[in-house]
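Each chain gets a letter, A, B, C and D, in the order it is written, and its residues are counted from 1.
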Amino acid sequence: MIRIGVIGYGYWGPNLVRNFHETPGMQVACVSDLRPERLAVVQGRYPAVKLTVNHRELLEDPGIDAVAIATPVSTHFDLATAALRAGKQVFVEKPLAATGKQVERLIEAAGKVDRVLMVDHTFVYTGAVRKIRELVDSGSLGDIYYYDSTRVNLGLFQHDIDVIWDLAVHDLSIMDYVIPHRAVAVSATGFSHVTGGRENIAFLTLFFDDPLIAHIHVNWLAPVKIRRTLIGASKQMVVYDDLEQSEKIKIYDKGINIDRRRDPAEKIYEVLVGYRTGDMLSPRLDMKEALSVEAAHFVGCVKEHKQPISDGGAGLRVVQILEAASKSMRQRGIPIELPHQGRS
Amino acid sequence: MIRIGVIGYGYWGPNLVRNFHETPGMQVACVSDLRPERLAVVQGRYPAVKLTVNHRELLEDPGIDAVAIATPVSTHFDLATAALRAGKQVFVEKPLAATGKQVERLIEAAGKVDRVLMVDHTFVYTGAVRKIRELVDSGSLGDIYYYDSTRVNLGLFQHDIDVIWDLAVHDLSIMDYVIPHRAVAVSATGFSHVTGGRENIAFLTLFFDDPLIAHIHVNWLAPVKIRRTLIGASKQMVVYDDLEQSEKIKIYDKGINIDRRRDPAEKIYEVLVGYRTGDMLSPRLDMKEALSVEAAHFVGCVKEHKQPISDGGAGLRVVQILEAASKSMRQRGIPIELPHQGRS
Amino acid sequence: MIRIGVIGYGYWGPNLVRNFHETPGMQVACVSDLRPERLAVVQGRYPAVKLTVNHRELLEDPGIDAVAIATPVSTHFDLATAALRAGKQVFVEKPLAATGKQVERLIEAAGKVDRVLMVDHTFVYTGAVRKIRELVDSGSLGDIYYYDSTRVNLGLFQHDIDVIWDLAVHDLSIMDYVIPHRAVAVSATGFSHVTGGRENIAFLTLFFDDPLIAHIHVNWLAPVKIRRTLIGASKQMVVYDDLEQSEKIKIYDKGINIDRRRDPAEKIYEVLVGYRTGDMLSPRLDMKEALSVEAAHFVGCVKEHKQPISDGGAGLRVVQILEAASKSMRQRGIPIELPHQGRS
Amino acid sequence: MIRIGVIGYGYWGPNLVRNFHETPGMQVACVSDLRPERLAVVQGRYPAVKLTVNHRELLEDPGIDAVAIATPVSTHFDLATAALRAGKQVFVEKPLAATGKQVERLIEAAGKVDRVLMVDHTFVYTGAVRKIRELVDSGSLGDIYYYDSTRVNLGLFQHDIDVIWDLAVHDLSIMDYVIPHRAVAVSATGFSHVTGGRENIAFLTLFFDDPLIAHIHVNWLAPVKIRRTLIGASKQMVVYDDLEQSEKIKIYDKGINIDRRRDPAEKIYEVLVGYRTGDMLSPRLDMKEALSVEAAHFVGCVKEHKQPISDGGAGLRVVQILEAASKSMRQRGIPIELPHQGRS
């Protein structure tokens, strides 16, 4: 039985506590939050859980094996460092920390004490994203041509992070999981419509050494909600619409055929590109709640001493892109080179 | 009665001929095309129209008052110049020419002979786009925050122009018409998946001196067709979905309220941004075919000696952005300044 | 403070308990269920609530003011009668009872002890349905021409009631609330694809003395989920799609104009019917959970000694139609007259 | 070369003429219409076609091999009879005639002169409907449980026929083609909102000797357009949405499993019905225009002396159901037995 303490009971904390509470092999031992009124809510729902306004109590409690951190991004590094130093297994809300440097130090710290460091890249644990990974791995899509995601709605204007850190982080973590290539540079543009505020609309392009391009489109100020990703590839193409009730993934047997040998003459491209349209398949997906899959995975990693799917390395690659994107955005899209990113 | 000659009977030419044929005050006198088999098609449909494989015959015919050019972009400049020199009223397929310099010389040439020079920015003549212009002009949307368009499908890979010149030209012409601000710079990214071919996927961001950003997203290799534009603004927001049968325009009484005075304290943004949601209205639109409205407008401009809505100036602004975007795209999104563009 | 006991913690009971639990002025005092494992679930969630496998304990507890019944339909009458006799305020899952006669006796019993008898017609308390009622009452729709509802999906095959009693009951309760006319006869058809089972697909037509027709279409064996109601009327028409996230109600300024006087000639109908199309409006709706609104309404009715919106009379009219429909269905659609139904 | 004459150039005639005109092996020789202004339209489009206001001229012309009749239903019988007597091959707009008796006499007349009698059941020639037939025939759907179609929009109020004869005829002809069972009775309900007019909204239920039920839902006065058919079956289920651009057919690997042996106990149905959900497949369809496929089929039948798919027998079965449905509708849904219908 892993006894976990949760720091932060704001927007996401309640989801963590509910799922940890229902995960076999796990027990929510303590919740800390600076706001007594939030702790009162926990009390009403889980009378057996210990409560505190001081997270240090939680960290110092030897009966607690693991700590989940669901606080503002700027506090992730200090809290996760302290938890690792106290010998806890650590689960951190996305993004893992506020800078790539911080993430590197967390990875190092976790290695030193031989503890699990897992970042909450929730979407990676959905049936839809796991199905996409399966399709890519099986080779049935062929070569990936592009990854193009739109994630917009009328959302909460965060005041400590821009829309890239709030929303694009989801797309980057999904892409990191499903695409077997690493980006080498990023160009981003965006705008803040609240003077003095953070960018609330942004567009990122990721460049690769491979014949692949990625684009992410995020917006807190859209009149409608869109959660749609197109994946173009040489054999089949995928549309992933997270707002669809059951047909979240559609696989199109559609594309172009490029044949260079057929005509060596001058007007080369007219002959080269042939069009193909076929059936569309929407596969049945595992509809289990992602966070419950993820909590069980955390338990498994702790018990079996394994690297999680969303480990420090995944967290690092995502944060490095976020950092570079924000930098590019401040310079109207000038491309920023990314550190070399190997696959974890 | 304006007697018009049409050069080029490929993809778009038949639509021009059909609409000109049915426009009161206009008569299709001649069609030229290099391919005799295309002329045979004209003959079957319009037995009374004169046919020729030599467009010079058409230009030299004194009985012809106006010329429509529906040939590849690279030929627009020479053909339009020759037509103006022959004293014809000129209607040119979009984009008006292959470079901004060419467009400037066409505008000058048209001015010298006092003839109409009109570019076929078809969407500008649809009921949907005219409704958006009306909404912007009336002030009911408030300040425009962003213009964000997606225009993707499995489309013909052009071999003489990239996807920006083929598809984004539509969005730029619409934006030029409905948005009362002029872009000052553009950052674009894109990729060609056919080695040696033109970019088949591209993303453009336009910057303005005003608190406004625009983004255009085009793709010839998408598994689904999307034609959607979001317009964010301070009072109301618009979704324009051209694939909707009848509800192409939706106006959302939705957005944020920014109030600086309410709380001068430290945590300023949490207080500043309030959210507003209200009704959605989908106004009835004039469903007349755009090209028929446009043909009648051309007749009116010729008769009354007026500037068309889609005049040389509109054509110039659009081509200048296309040129800058292609240039930025070859440099992974480095922003390119645009020439100063006044409203025509 | 109203102390309520809930009998039955199966599919719907948990929703009742959760909402009663959070309703100001109400306290869930006791839950009874025949299955100890269901009571264990209650215990985990609401440690303070008293539990029993014997509902009589609950009925005899003088500390309990009100009783909610969420058990199979066949038990409603006995349980509600016992509760009223015990002097409790009574809230019963839909349909109120298994026959019209039973409902009449419940109404009488409630009258005798002067207690509230409320049936859980949940949809009547949604923002969407209340908006439709508002539109009808205001006269903005004009005369109602038809009410046409489709409620299908792959649903649980009930073994004690047919699909009419399970699904059409929702439509009948909505219609009873929004339409100011009472049906006089019903014709229903249906089929059971499980030999010996209850009908799993059914179609009801309701006839009125007014120029109005209603149709309800229910199915437990549909490959897709549809929850759509069309309301035709003389001035405006409404589409209510309960699966839409936010645009559940759309009001179309669309219809026909019938003018008899314009042309007294022979070809009369061509002239009579003119077509009208205008804007579509999707009004903002109150998105509060229906059951929470309903629970508060129950509290208010008990406190202020008032008839609920979904009172015994509403329950009676709905059950009378259900009975007649099942009867018609067994005779391949032969129309069955309904008892005269006054508006409550 | 088959030389065809077309009687009636109203709403549908132009589609017939255009498709016949473009069908290899066919030539439109003559068009007749009572209205000279309609003939003028033909002249503008097809200068070579002979025109007449007197259909007798067309029937008496020995150079004409075949006649297509696209006039009001009430005239079908007389015109088709005359055409057959004149030895013409005959193609008639749906429904084939105004009564079953008339259709029987037409079949007899065609047999006597050994000519083709084909009714224009257009949908039967679409790629979508042919795909459904293929699925049914292959056995991949299993046993058909129900056929449930909705065909509504704001449509033209016909003054000579009710909405069943105008719209349900399409569903009946599709069903006749794809379902290998024959209905034995029909119950229909409907209403006319124009005093003295024909029913503008109607609902039909068809009964079979097999464990199958069909329902058709038609309406001229709907605020939105719906063209959707659900086909329930034991192995797979189909949704056919004719308004979808490319995904008109969706095949759901979904349903129930009925197993009687698993539990012989009392509470039998809870155990009997198991639920199955799997993938959804949307097959690529032949997108050729139905009328062009149909025209080619007519040519083939004439040349090879074969029965068309939509022959007199299909026309008869459809008209017999239409007649019975209108009769049932006038009696509020009383079921009407159908004549015994063998498969042609």
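The rule we apply is simple: contacts are C-beta pairs under 8 Å (C-beta built on N, C-alpha and C of every residue); 3 or more make two chains touch, one makes a residue touch a chain.
Predicted, not measured: the structure shown is a model, and the values here were computed from it.
Trainee: Pick out whichever of the two, A-D or A-C, is joined by more C-beta pairs in contact.
Mentor: Most C-beta pairs in contact, of the two: A-D.
Trainee: What is the chain whose Cα centroid lies farthest from the Cα centroid of chain C?
Mentor: B
Trainee: With chain centres defined as C-alpha means, what is the inter-centre distance between chain A and chain C in Å?
Mentor: 43
Trainee: List the centre-to-centre spacing of chain A and chain D in whole Å, with centres computed as mean CA coordinates.
Mentor: 52
Trainee: Do you know which chain A residues sit against two or more other chains?
Mentor: 277 - these are the residues of chain A that touch more than one other chain.
Trainee: Mind pulling up the chain C residues that touch chain B in the complex?
Mentor: So the residues of chain C in touch with chain B come to 246-247, 253, 277-284.
Trainee: Under the stated contact criterion, what part of chain B meets chain D in this complex?
Mentor: Touch list, chain B to chain D: 47, 225, 243, 245.
Trainee: State the interface residues of chain A toward chain B in the complex, per the touch definition above.
Mentor: Those residues of chain A that touch chain B are 145-146, 148, 150, 152, 154, 157, 159, 185, 187, 189-191, 193-194, 196-197, 201, 203, 205, 207, 211-213, 215, 217, 219, 221-224, 230, 232, 237-239, 250, 252, 254-256, 258, 267-270, 272-273, 275, 277, 328, 331-335.
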